[in-house]
Every structure is written in C-alpha cells, then in structure tokens.
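Naming follows writing order (A, B, C, D and E), and every chain is counted from residue 1.
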Amino acid sequence: MSRFGYYPGCALHGSSNDFEASVRACMKTLEVELGELNDWICCGATAAHSINHTLSLALPGRNLGIAERDGFTDLLAPCPMCSMELIKTKNALTESAALRKEISDIVETPVTGATEVINLIQIFQRVGLDRIQAAVKKPLESISAACYYGCLLTRPPRTVAFDDPDQPRSMETVLAALGAKSVEWNYATECCGAGMTLSREETVLNLTNKIITNAKAHGANCLVVACPMCHVNLDMKQGAVEQAHGVKHDMPVYYLSDLVGLALGLSERELAVNRHFVRAGVHAAPKTVA
Amino acid sequence: MSETITQQALRALVDEWIGAGTKVAGPSYVKKDLCQYVPLTSSAELLLEGFIHPRNSVKDFFFPRHEKIYEYTLKGHEVELADMTPASTPQVIVAARPCDTAAVAILDAVFNWGEKDEFYTQRREAATIVALACVTHDSHCFCTSVGIGPDAEKGADVMLLPLDGGFEVRCLTEKGKTLFAGRTQPSDKTAVIPEGPKVKVSPEQVRAALEDYDNPLWKTATLRCLSCGACSFTCPTCHCFDIVDEGNAHGGCRAKNWDSCQLCMFTKHASGHNPRNVQGQRQRQRTQHKFRIYPDKFGEVLCTGCGNCARNCPVSLGILGTLVELCAEMPKTVGESK
Amino acid sequence: MSETEKTAFEPKIVAYVCNWCTYLGADLAGTNRLEYPSNVRIVRLPCTGRIDFNLIIKAFEMGADMVVVSGCHPGDCHYTAGNYHARRRWTLFRDLLETMGIDLNRIHFAWISAAEGKKFAEFITEITDKARQLGPYQAYREICE
Amino acid sequence: MARIGVFICWCGENIARTVDVKRATEEVEQIPGVRFAIDYKYMCSDPGQTMVRDKIIAERLQGLVIASCSPHMHMKTFRAAAKAAGLNPYLVEMANIREHCSWVHQNREEATAKAVELIRLAVGKVIQDKPLDAIKVPLTKRALVIGAGVAGIQASLDIAEAGHEVVLVEREPSIGGKMAGLSETFPTLDCSQCILTPRMVETGQHPNIKLYTWSEIESVDGSVGNFTVTIRKKARYIDMSKCTGCGECWNKCPMSKTLNDFDYGLSKRKAIYLAFPQAVPARPVIDKNACTKLKTGKCGICAKVCAAGAINYEDQDEIVTEQVGAIVVATGYKLYSIGQEQDNEKYTGYGEYGYGKYPDVIDALQFERLSSASGPTGGEIRRPSDGAVPKSVVFIACVGSRDPAKGVSYCSKICCMYTAKHTMLYKHKVHEGTAHVFYMDIRAGGKNYDEFVRRAIEKDGAKYYRGRVSKITEENGKLIVRAADTLAGVPVTIEADMVVLASAMLPSTGATELAQKLKVGYDEYGFLSESHPKLRPVETNSAGVFICGACHGPKDIPEAVAQASAAAGKVQVMFARNELTRDPEIAKINEQNCAACYACVRTCPYNAIEKAEIRDRQGNLVKMTARVNPGLCMGCGTCVAVCPSKSADIDGFSESQIYEMIKNL
Amino acid sequence: MIEEIRQTCRTLLEAGTVNVVIAYGQSNPDGPVHPIFVTKPDDVEKIVWNKQCFANLTTYLTRKEVKSLGKAAILVKGCDARSLVVLVQESQVERSDVHVIGLACEGVGEPELAGKCRVCEVHMPVGVDVTIGSTEAAAPEGQNRYALVDEFMKKSPEERMAFWKQEFERCVRCYACRGVCPLCYCNQCIVDKNRPVVIDTSATLKGNFAWNITRAFHLAGRCVSCGECTRVCPAGIDLRMLNASLAQSAEKHFNYRAGMDPETPPVIGTYNAEDKENFIR
C-alpha cells in the first residue's frame, strides 16, 4: 500500500467536500493511504502574495515542513491553487539556503522543500494507469468527456512543470484507461473566472457559458475537472448560466476522481456524485438506454 | 672508579638545560617507527636506549639542510644586502651515536679549510656533544671497519656508557666537564661495552681497490640505485651543498641547500653536458670522495660506518655492500692493472 | 587580529584569465564603466587550458590572498576544448588541496564570457569582499616564512 | 640590466581622469629594468607612435611596455611601431590601465597605485620576452564554400570569377537554398526564381567551381591556408555522368506518397525525384526511404525506363577529400518549428496556435510556396485543408522571435517585410479577401522598406493590429483567432480561413556540429560568431574561415549577398599572397627534456603535436619526443599545463614570462 | 613457487628470449630483499620471492642504465602490473619489448601485511605474459579502498594543514619518492628546472609544500597506489594519503582508476563535455 501526504486545503473541507469524499473513496479503493497533514494551515492562495511575500512563502512553507516532519516524500494537494502555492514555495526553498533558514525559523520547523507536491491527476499517474485499468469494473463506455484543465493545473508552466500548458493530455490518458472517450475541443485551458465568482458574476457566467457551449459543440456529454473552483463555476453555477443566457445545458460536471471511482465500481453516493447540482448520470446512460 | 649518573638524573639535567634556554637535541620517536635526532622540548621525548641509529644524523644541527647566507631587497634600481648572523645559541646534542660524533670531528676539517664557514663553526663552538655508546648494532653498522667503535670518543665532549639503570659519564673536554659538573656520582663500576660489528673491510683495502677507476663493478653493482639523495642526506659526513637565490621582484635571499652527488643534476653543465651521466659514475664518485679524495686531502676517511646509507636506501644499497664487493674482487683487478 | 585591522586589510588577488573570454569580459566591464575593487591583478593567458596548478601555488607563495581562475564557458572555448581540459584538472586539484587543508575559499573558478562584463565586475566585487572578510591568507604565509 | 621603455598614455582624459599619470610615471621609473618612463596624451596617435619609434632608437630599447588600453585594441598598432623602429614586434607588452583600471575605479589613489602595479607586471613580462618571427605557412589557393543558397552561390561565383578554384558543397540534391523556393521578393516584388536561377546555372557551369550536391562535410583538418576537407557524397543512386535529366524516371515512378520537402510538405513527390524543376544539377535523386526497389528489391521501373542506364541501386556513400586554403560558411537558416517537436529544449513551441494540428495554420515558407507560380497550387492561394480560397487570412508576426519564454530573444528581422509582402501577394490574388496582421512592432529599416509596408497597409488594405494572438481554435471549419489589439485596447476575435505564422529564423540543422568541426564559435542559438561585430564581420576566430548569410544571424537576401561578396573578398585578399604569416605565439617542445609521455599529444585540441624521433647522424634512435607542428598549433598552451616536466612551453606566454609577472606581485 | 620462478627465468635467459631478468634478491640470507638484475642463467638461484618483496620493479623499465642491458623480463605483483599498464599507456614501455612474469601474491609485509595489500584487488596480476603460482585471495567484500582518506578528511581543514606542515617539515628533498616511483620517469624533473624556478629547491616548508603538491598532482589519475614512495621516505612522510586522495577524486568524478585498463584513455589530457563542474561559477 502506497502512502501519500494529503493537504486538503480550505476548499475540500468546505464548499467542495464532495470533492474530498470522491478523492478519499477513490484512494481507499486503490489502496492508497492518504495521510492528512496534522495541523495544516491555509496555503495563502489569492491573498498572501499580494500582501507580503515572506508570508506567501511561510504559509505553504509550514505545510511543507509538516509534511517533511511526518516523513511524506509526496504530498497530494487536490486543489490546483494549493498545489501551485506549495510548488512555488518548494522551488524557492530548493534554490536558496538563506530562504530555507528564514522560513524554517519563522515556522519553527525545519523545512527544506524536499517534498514533491502533486495534483489529482498525478496521483493517478503515480498509482499507475495500467493498475487502474486493470482494476476497472465498469468501463465508462458511455462517457464522451471534455477534459477541462482550467487555468492553474498547468500554469504557470515553469513553476508547476506539469503537462503541456496549451495542449494538455494527461486527463485524457486517465480517461482512456477507464474506457471513456474524450473529445477534442477548444476550451480545455481557458479560465472559468473562478476568482471573480463573487465580484463579477457576469464575467463568470459568460466564460462558463462559452466553456460548456464549446464542449457540447464538440460532442461532449460531460465535463471532467480536477479543480474545486472549476467545479463550483461549472456545476453549481450552471443554472445561473442557463438563466442568464437563456439556454439549456444540463451538462454534468465530474471530478476526475468521480469517474475513476465509478469505473472502479464505487457508487454515486460513496463518491458524493449525488451531491452535484447538475444531475450527473451520464455514466449510467447505457443502462437507461437499455 | 668512574663517574656515573642515573637515567632519572640525566633526564632531570636535560630538562634543566632546556629550561635554561639551551637548544637540546637528541634521538626521539617523531612518529611510529621513525626515530630521528630532533630538537627536544622535554626530556621525556629523549630516547636513551632501544634504538640503533636515528634515520638522520647530527650534522643537521651544524650544517642544516637550508641556510640563508644573506637577504637582499630591491629598492628602485638599488640592491640592499643584509648578511645573516650565524647562530650562536648554546646547544647540546645528547645521546649522539659515536659514529655521528666522530663525523662532526671529521667535518670540522672541511668547514675550516680555506675560507672558514662561519655558520658551521659558530654553531659548532656553541655546541656540546654528549655521545652515547652503543650496546647493540644491526646488519648495516660497520663502524669498526673504518676505525671507529661503539664507544669511540672522537668528536665527543662527553661519553655516556650504559651501566645498569644509568650511565658511566666520561667528560672528555672542558665543555663536557662544565656541563656535568657536580651532577655525577662516583662509582666503583665501569661500563663494559660489547664489541661492535665484525670488521668487514679496511680503509686501506678500499683505497687500493679504488685505484681501478674503470672497474666494471661500478656499473653492475649499482644498477639498482635509484639516483636519489637518501644516502647523502642521512649520511653524517656528506656535506655538499648548492647555492640558490630565492625570492621575488622585491627581494629574497641567497641560501645554501644540501646537495647530493647521487642526483643526476649534480654535475650537469649549463651546456647540457653531464660528465657523470650514469648512476655507476655517481656511485663511484661518492665512494672515491669518501675513501680516496677526502683522505688524501684531510688525512681521514669521510665515513664513520653508521650504516645510514643502507638503512635509508630505498633499495638497500649501502656503501658497505659496494665496498665488500669491490674488495672481494681486489686482488685480481689490482694485480692486473698494476 | 582586531576588527579595525581586518577592515583596513586589502587583499592581494591574482586573476588568471583567458585572452578570449574573461579578459574581454573584463574589458567590457571597463567599457561599460562598471566599478569594482582595485585589488585584482589580471594575468592574461591564451586559454584556461594553459593555466597550470603550479601557477596557483606560485601566486600564494608570492603573497596572494586569493586566486581567481576564469575563462570561456564550456562549449565556447576559443580553442574549442582548453577549458574542458582545465576543468578536469581543477576538479582533481581542488580535491588535493582540500586533503591538504588548503582553504578552498581562497581559490575561485568562473566561466566569464566576453559578453559578461557585468558578471566579471560583480564576481570581482564579491570575491574581494570575501577576501577582505577572510583576512590575509595567514596559513600559507606561515608556510612561506 | 634590461633596457625597457615604458610609455604611459593619458588616453585624453580616459586614463588621466582617474590615474595620476605624472605620478605613475615617476614611480614606474623606479622599477628595476626600466630605462625611462614617459607619458603622452594619445600614445596611439601619429605623434605618439613617432615618439615610441624615436625612443626605441635613441635609447636602444630592448623592450617596450605601453600602458594604455586593452591589448585587444592596440597591440597590433604598437607592435607595428616597434617593428618600424627595428625592434622585434614581440618585445612589446601592454599594461591595460584603461579598461582594467581607470574605467573601473573611481578612487584616484587606488587607481594610480593599481596602474603602477599593472605596469610592474608588464615590465616583468617584457624582460622575459623573446624576439619572435612570424610563422610563414604555404597557401593552397582554393576555397571551400559550404552551403549553396544565395549566399554560397554569390561567394562561389565571386571567388571563381577572381580566378580561384572553388569547391562548393551543398547537402540538398540541388543548389539554390531557400531562395529558390520563394515566390516574389520584397521590396520590389520581383520573382525570386527569375533572379536566382541564372546564377544557379552559372554556378553549375563555371569552370572554376567544383560542385558537390547531396554531400556533407565530414571533417576538417589542418589550418588556415592548408585545410584538408573530407566530404561525404551521399548515395544518389544516379550515375551523374550518364543521366541526361530527361525525366522519364520520375514520371514513371509509381511511388508518389512522399511529402515534398521543397514545398514544405504541401505537395507529394515521387521516390525518384528532381528537387524542383530548375534544379542544378538537373539530375534526380532516389529517396532510399521511399523507393520500393531499395527497400524491398522489387520494382526497378526507373532503371527500366532510363535510356541512359544511369540508375544505380548499388550506389554507396563516397568519401572524398579536398585541399583548400580558405573556407566560407553559408549554411543559412531554417524556421522555428510550428509543430510540437523542437530541436532545442529551450523552445517550447506554440501550443496556443495548435502545434500545427490545424492544417490551415502554416508557416511563412509554406505561404511562399502557396503563392509561388511553381508551387503546389500553381500560384493560386488555396488553403491546404480543402483547397478553398481563403477569404480571410491572419498573419502573425514574431512567432518564436523576441520571445525568450518560448523561443528566441532576438528579432528575426525579415518577418515584418515578408509579412507585408505576403499580404500584398494575397490581396493581389484574392481581391475580395482580407489580410489581418498581428505584430509587435514594425521593423522596416532599409531602402524602400518602410514605403513597402505602408503600401501594404494603405494601398492594399492589409489590416494591422498591434498585439499578440493568444489562441487559435477551430470551429466549424473556421479558425477562431483570439487576440488583443493593444492600440485600441480591445480584445479581437477573427474568424479566419487560414493563418500564416512568421516563425523565427534559426540556424540550419547541424550548424553547431559544423562549427565545431571548423572550430568556429557560435552563440547560444547556434549562429556562428564573427571575429568582431563591427570591424571583422565576416571573419571568424578560426583563421581562414569566413561566414556569410543567415548562418551568422537573421538577414535578408541583399544583406546575405553583400556579406557573401565580402567573404569572397576576404578570401581573395588572402589568395593575393603566396604564403601566409601567422602569429608566432605558439607552443614548442624542449625535445631534449621531453619524456615522450605524450600527454600533450592527447590533449592538443588541434592535433598539432606529433610523436617524433630524434636520431643521431648515423640514424640511430636517440630518443622519442613530442614535436609541435607550427602550422597547426594555435597557441592555446594546454600542452604546457599538462606537461609534467614543463618541456612544453609557449612563446608569448612562456613559463618564464608568467612567473616573472607573478614575482612582481 | 620460487623454483618455478627460477626455472622460468632460466629458460628465458638460456633461450636468449631476454638478456636480463629484473627480479628480487638478497645479498645475505637475513639481509634485506632488494632488486637484482640477473643476466646469467646460473644466477637465477639468487632470485627470491617472499614477504619482503615490496619493490615495484617496473620503475627500472624506464632507466637508461637498465635499458642498456637489452631485452628484459620482469617480475611483477598484481599491483606492479598496474603501473606497467600506465607506462605502456604513456609510451614509456613498448609492451612487446618486455617479458612480464606475473606472480600470484597474497600480500607483502611481515608480520603485518602492508596497508595496500589489505585492500588488494589484484592478487593475480593481469596483462602479463605468464603467471606463476595461484592464490584464492580476493578483494575483501565491501572494503573501502579510500578508508584512509575518508578517515583523514574527518579532521578539520586546519588540522589537516597542521598535519601536513608537521610532515613536510621533515622533508629533506632527497627525492627518494621520485626515484622509486615507476611513473616519475621525466628526463628532467620540474623541480630541477630553474628558468623559471617553478618549485623552490630549498627544503623549507614553502619549497616542500610546492614540491609535494606537485609530486602528488603529477600522479593524479596515474598513481596505482603501489605505496613505494611512502615506504622509502627516510622522513616517514605519509605520501600515499595524497596519492589516495587523488585516486579517489579521479574515481569519484571521472570513474577512472589508473592502470586497470589499457584501453581507457587517461583522465588527464582527455575530457568529457559533460564533466560536472559545481565549483565553477
């Protein structure tokens, strides 16, 4: 059984607890132990770096320190915002001995930046796609997904150094292992407007509408995401989008872990798929057809 | 009847000399398996028994391996010279082997011949040599073959002869007497020194054998020589030196450094020609110098049979071995050539 | 040594540089008027390949407190490979010096190209500061007494 | 005592401002060996040099130290002055008290002290200087030109016309290079092929030009004046002496699926093919990867139809050597790939433009072929995906250029011009179409260049937007180009039928490997380095090797041609002499002391040291030794450093000279 | 084994295959073992083979006095065979000019084995013309051949410097280290070069540091750790430490060990563009 550190961040313990349920259920089935960091704190995303540079490194620094203390060589941060902040800090620490000392002093824990920070897609890659493929119980033949990476999974490219920032393929490869199809479309790495959900809702509704429309136009019957914020905008806000644009989308939005879990035979309830706003039943489509 | 001193008292005396600011040198283990004559900081370092011969010789204290003669400073287009003052600090060499002590007496002749070597002479005058007679010897020792013995007094100011728990003290010169005045106990015992190594050759035999300058033995018997200076530099009587200038554009010194006739550069001319170009010629030169040239000039052989040449030779090629081979062949070769 | 003496100390620094990269880099620093401390004495050699370890030892013997060796970046050698040969020798030589207890803070190696006037000036400034902090290379001076 | 004269230059105020020259002069006079020291405002001026010459004679000087600027600036000047006064030029040393002193120090005390110290080192060195004589090297008056694009052709013809033999090597089956595939050229819009093909024919027929096409340089040995060049003639499978170029073979060849590289993949060609109709030599070549006969042994149609019997399936690569005295490199350029695969890890490609996955997103050279009368569409602008005439074309400039994050940091220089040209070519052919151009800046410096761009905008109505394209997507057969118009401050979305990317100019494949063979420097991108950017623009630091055209950096045709003529001129200057002289600052071996361990032989980057024997008059071997070939030694001195006995030494930077300098620390 | 050695040498001399055999001998039975040069078949009886056969005889292959004797056969232990490889690589010895008799060796030194023998990996010599004897002795498992250096490097730089000052203080510049070393074959040693003086000839600390650094570095990537320099030093200076440190460095950085393989190009005078360089700015 492999063991990974687990940093949920605020989202997975709050608005996106369905995501956490999905991730945990999936990992359990794959016999991956997730060790949640004891006493983790906020990653400082969005606010810290615009206020105080040291703080923006110290917050993730403390979390990395905890991971090192607890002996985790790999740390899963399913929220891309969190993983980006952690990686940014890790990189900075690796480059400067002075910074390592400074941050270690501030957070009162020795921190070197040795821990590898990984996102949701990477943990599946670590587990091994062939292993997952072998464990698939219910191939997702009815799924034609538009894999939506959003802005942060692959960006900033030199920091996160994950997949191709403009033409990513990693989620598609995971889906292929599950027996699912994915479509070629144009909005895979466009922004959903996450940060402006509250301040400029109109922009968000406009962007998400484009994303969903394009996915549909290219033949997708669902969207797959690996980011809690994307999910909020695409799923929870889909009703508002439909209202604002006078359209009917009814486009299910899955977390990547949902689809892995479903293929592995987990139930919608176990994966909290039943708590999504848009009824996410495409995976079972053949049954209804039959 | 004799005068004696216990080992303990001798050591106390040595410490006293040291305490008084006298430079004291004597045999000591400087590291595992390496016994050398070295300056002592305490009598505890001093070896008084259990050694045959230190790997170096006492010449180090009169004729050091490197000695500045003068210093110069360049001031603009002028050169300023500053003579070095010869050292005259009192020094005592203690527990010197008779073969080393004798060597100093032999060297006196060459360093006082013609131009007096002030550096040597002044050190020599300020020094008192306390010899220690030998009770054992090894296969390299051959003092008896060159007219010296385990208790030879030549060159010594004091002779110490091991006597159970201490030494018989024979003060041979005024310097020696002053050094030990009131420190010895009269005793009815006298030390008995065992005979030294068996006589293997005689200077006369060697002298005769050396007449055959072109003896092929020089080539064959010295083939294994590696052309280093280990023999000369640890020899108590070898005294060749080189003059070098060292320094930079601002100043420097002229110095006298040990040199060895065994090194191939020793006789190399500026033209590139080297009259002693092969090792046999260099070995022959060293032997000739010790047993013919030096005796012809100063009346005694330049060798005290200490055996350091063989002891220190990387390939165990001591002068004795060569002499024995040379003399063994002698009747025939001498007879033929004459 | 007291603090005041330490601050008053001006180290002697010898820089062995190649003719085609670092020497020109130093020229560029001049052309661009990039100021750096005046302690360094540049010895121009054709190539870092020419820079023998004996030169480094000799510099210390002559009282240098720090020695700099610098030439073209790998791949940029005017003579195609001199710097690669030099790099090998230095790698071994540094290990020897380390075994001997010779202070490696006293020897600095750098690749400085003809275009890196800024790097040259910064590098010299930095190591001069370092040399000032280290003080005279007493250990080697004692050897040379 | 040596008689050294020290000449301290003020360099106007450049040195004198920070160095107290007067005081330095007084102090320097005290240095042992210095006969006198003298200062002057401009030592390099005519009166300055006259003073140097007069002093050499009057004071019977044995050596000079000129304390002034960098030796890279004026060493030659002062050596010449010494020579003119009868002093060996290699008895001159310079103390660089300008670049290394007055310009980098502010404190007058410190700068003056350092200047004196630098002069002291130079005096130390000059005392150990030895008079040297320049090395004379025989000269082979034949030139090698590598690359037969327009630059290589121009250089070859110039040298050949001057009466010297030229060996012209081209790795493609035909000469002509990139220019042979261009449509029309800016700013005159004259037909590229019409101006180039006559030159190609001339090259092919010139009695002084020996042409090797379909050939590559294997290795280069020797040095200036006497290079030995090994050339690989790749198997062509055609007997060039028999072939008449009739065309039967390629007409009958059944294999027609290979992408035509002359059309950059926009068309197909046969397995046996003529590079293009105007090819020189007009002889086909068999593509061994496409030919059924060569792959499987079956077919053989071309051999059957060849009346001349010129097809030879057994052909093998052939290695030939040529002796030349000078080399001109004209290897040209290629474009930054618009696909995902890049040949340099620093280049990421442009995923936002689809990495070439949209067939209607093409690069500029492909557009040249589309608009060329000899191109795959016969000069009609038709898009690759469906052959439709595009009604709306977006041109994007600076793809990969000026973009250190994804491509190169330099400007590719010609894209602004050819993009303007492309819009005009397009508009002249598709009158109702719209050309949109996204640019960063318009750089149109050159005779009639800006006027040309204005014409594209004002007369032909190209729509120019200052801004970058952020994304290209495909929607219902249209390319959706999303961009910013930074002048208007609005986002722009254009539905285009075709997009043309003006991707960056890169040195052609293999340029750095060739540079290494030639020992020519190159920059981080692989462009070859000139000796001096202003004064020696076509020379390289490898004597006898010259560069021209785009292998040196992005340039347009007129510039490449001008540079080619310049390089040819340099070759002719060299060939005007009967022998060469070289700087004698080279290695030598003390053969008596050499232990013949041959560490130097192993180390020498120029293979200039050989194993040699010393024999006596009777021919008996005395000893082995290393020996320097002065014709090959370039004077790096690496042998000195590896020689344990210091039997190797190097004139000009000898052990004595360097140690004497250090002793003056 | 000794009889086989003598017989082999006798045959070679009798057949005229060689003119001289470079071997070990003893002037008297309890005297020291030293190199001998056997030119007459009957003299092979003088050859000995015992625990005192320290000398690396390959040092004689480059000496003009020995070369003048004609074609030589030489006795080599496994360690000595490595220096022969270097001599061949460095064109000092034409391999076909020497008849190399390898001796199976379980180590020299009595009662205690010499340090080098305790980590020996070449009990059976390689690259020889004939091997005499056999041994099962093998390299000790997991032995760190640089343990001596590693241990020494635990000292602080200041302690190391102090150690070397103490050692070099005793150096009298007799050059026995140079004389005995098979790889010190220069016609004129750099220390004997006086225009310019690269290394002071004075036996001062300054001169002694320069000399010993140079001696060690000239053996960088060449020294085969035969240990002769250390054995013969009359001042007992621990020279092998410096040699071992460089051997370790060559192995660590360039995966090179001198004298192991005649085909691998020497580490100095060659390069790899990928050589690491973390110390260069």
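As a convention for this text, a contact is a pair of C-beta atoms (placed from the backbone, for glycine too) under 8 Å apart; a residue touches a chain by one contact, two chains touch by 3 or more.
Please read these numbers as outputs of a predicted model, since none were measured by experiment.
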Fill in: Required steps from chain A to chain B (each step between touching chains, minimum)
2
Practice prompt. Please find the path from chain A to chain E through touching chains that uses the fewest steps, and give that number.
Written response: 2
Discussion item. Taking each chain's centre as the mean of its CA atoms, which one is most distant from chain B?
Written reply: A
Worksheet item: Once you count every C-beta pair in contact for both, which comes out on top, B-D or C-D?
Response: C-D
Worksheet, complete the sentence: Taking the mean of all protein C-alpha atoms as the centre, the chain whose own C-alpha mean lies closest is C
Worksheet, complete the sentence: Relative to chain C, the most remote chain by C-alpha centroid is chain A
Worksheet item: Rounded to the nearest whole Å, what is the centre-to-centre distance of chain C and chain D, using the mean of the C-alpha atoms as each centre?
Response: 32
Discussion item. Quick check: how many Å separate the C-alpha centres of chain C and chain E?
Written reply: 35
Response to the item:
Separation of the C-alpha centres, chain A versus chain D, in whole Å, is 49
Response to the item:
Per the C-alpha means, the centres of chain D and chain E lie apart by a whole-Å value of 50
Discussion item. Quick check on chain D: which residues sit in contact with 2+ other chains?
Written reply: 592, 603, 642, 659-660, 662-663, 665
Practice prompt. Hunt down the residues of chain E that sit against at least two other chains at once, touch-wise.
Written response: 188, 190, 197-198, 200, 268-270
Worksheet item: What residues in chain A touch two or more of the other chains?
Response: none
Worksheet item: Inside the complex, what are the residues of chain C that reach chain E?
Response: 53-54, 57-58, 61, 74-75, 81, 84-85, 87-104, 108-111, 123, 139, 142-145
Worksheet item: chain D touches which residues of chain E in the complex?
Response: 90-92, 185-190, 193, 195-198, 218, 265-266, 268-270
Practice prompt. Spell out the part of chain E that touches chain C in their complex, as residue ranges.
Written response: 149, 152-153, 155-165, 190, 198-200, 205-206, 209-210, 213-214, 216-217, 220-221, 241-242, 245-246, 248-250, 253-254, 267-273, 275-277, 279-281
Worksheet item: Along chain B, where are the residues that touch chain D in the complex?
Response: 74, 76-77, 247-249, 272
Discussion item. Help me check something: in the complex, which residues belonging to chain D touch chain E?
Written reply: 592-600, 602-603, 611, 624, 642, 644-647, 655-656, 659-660
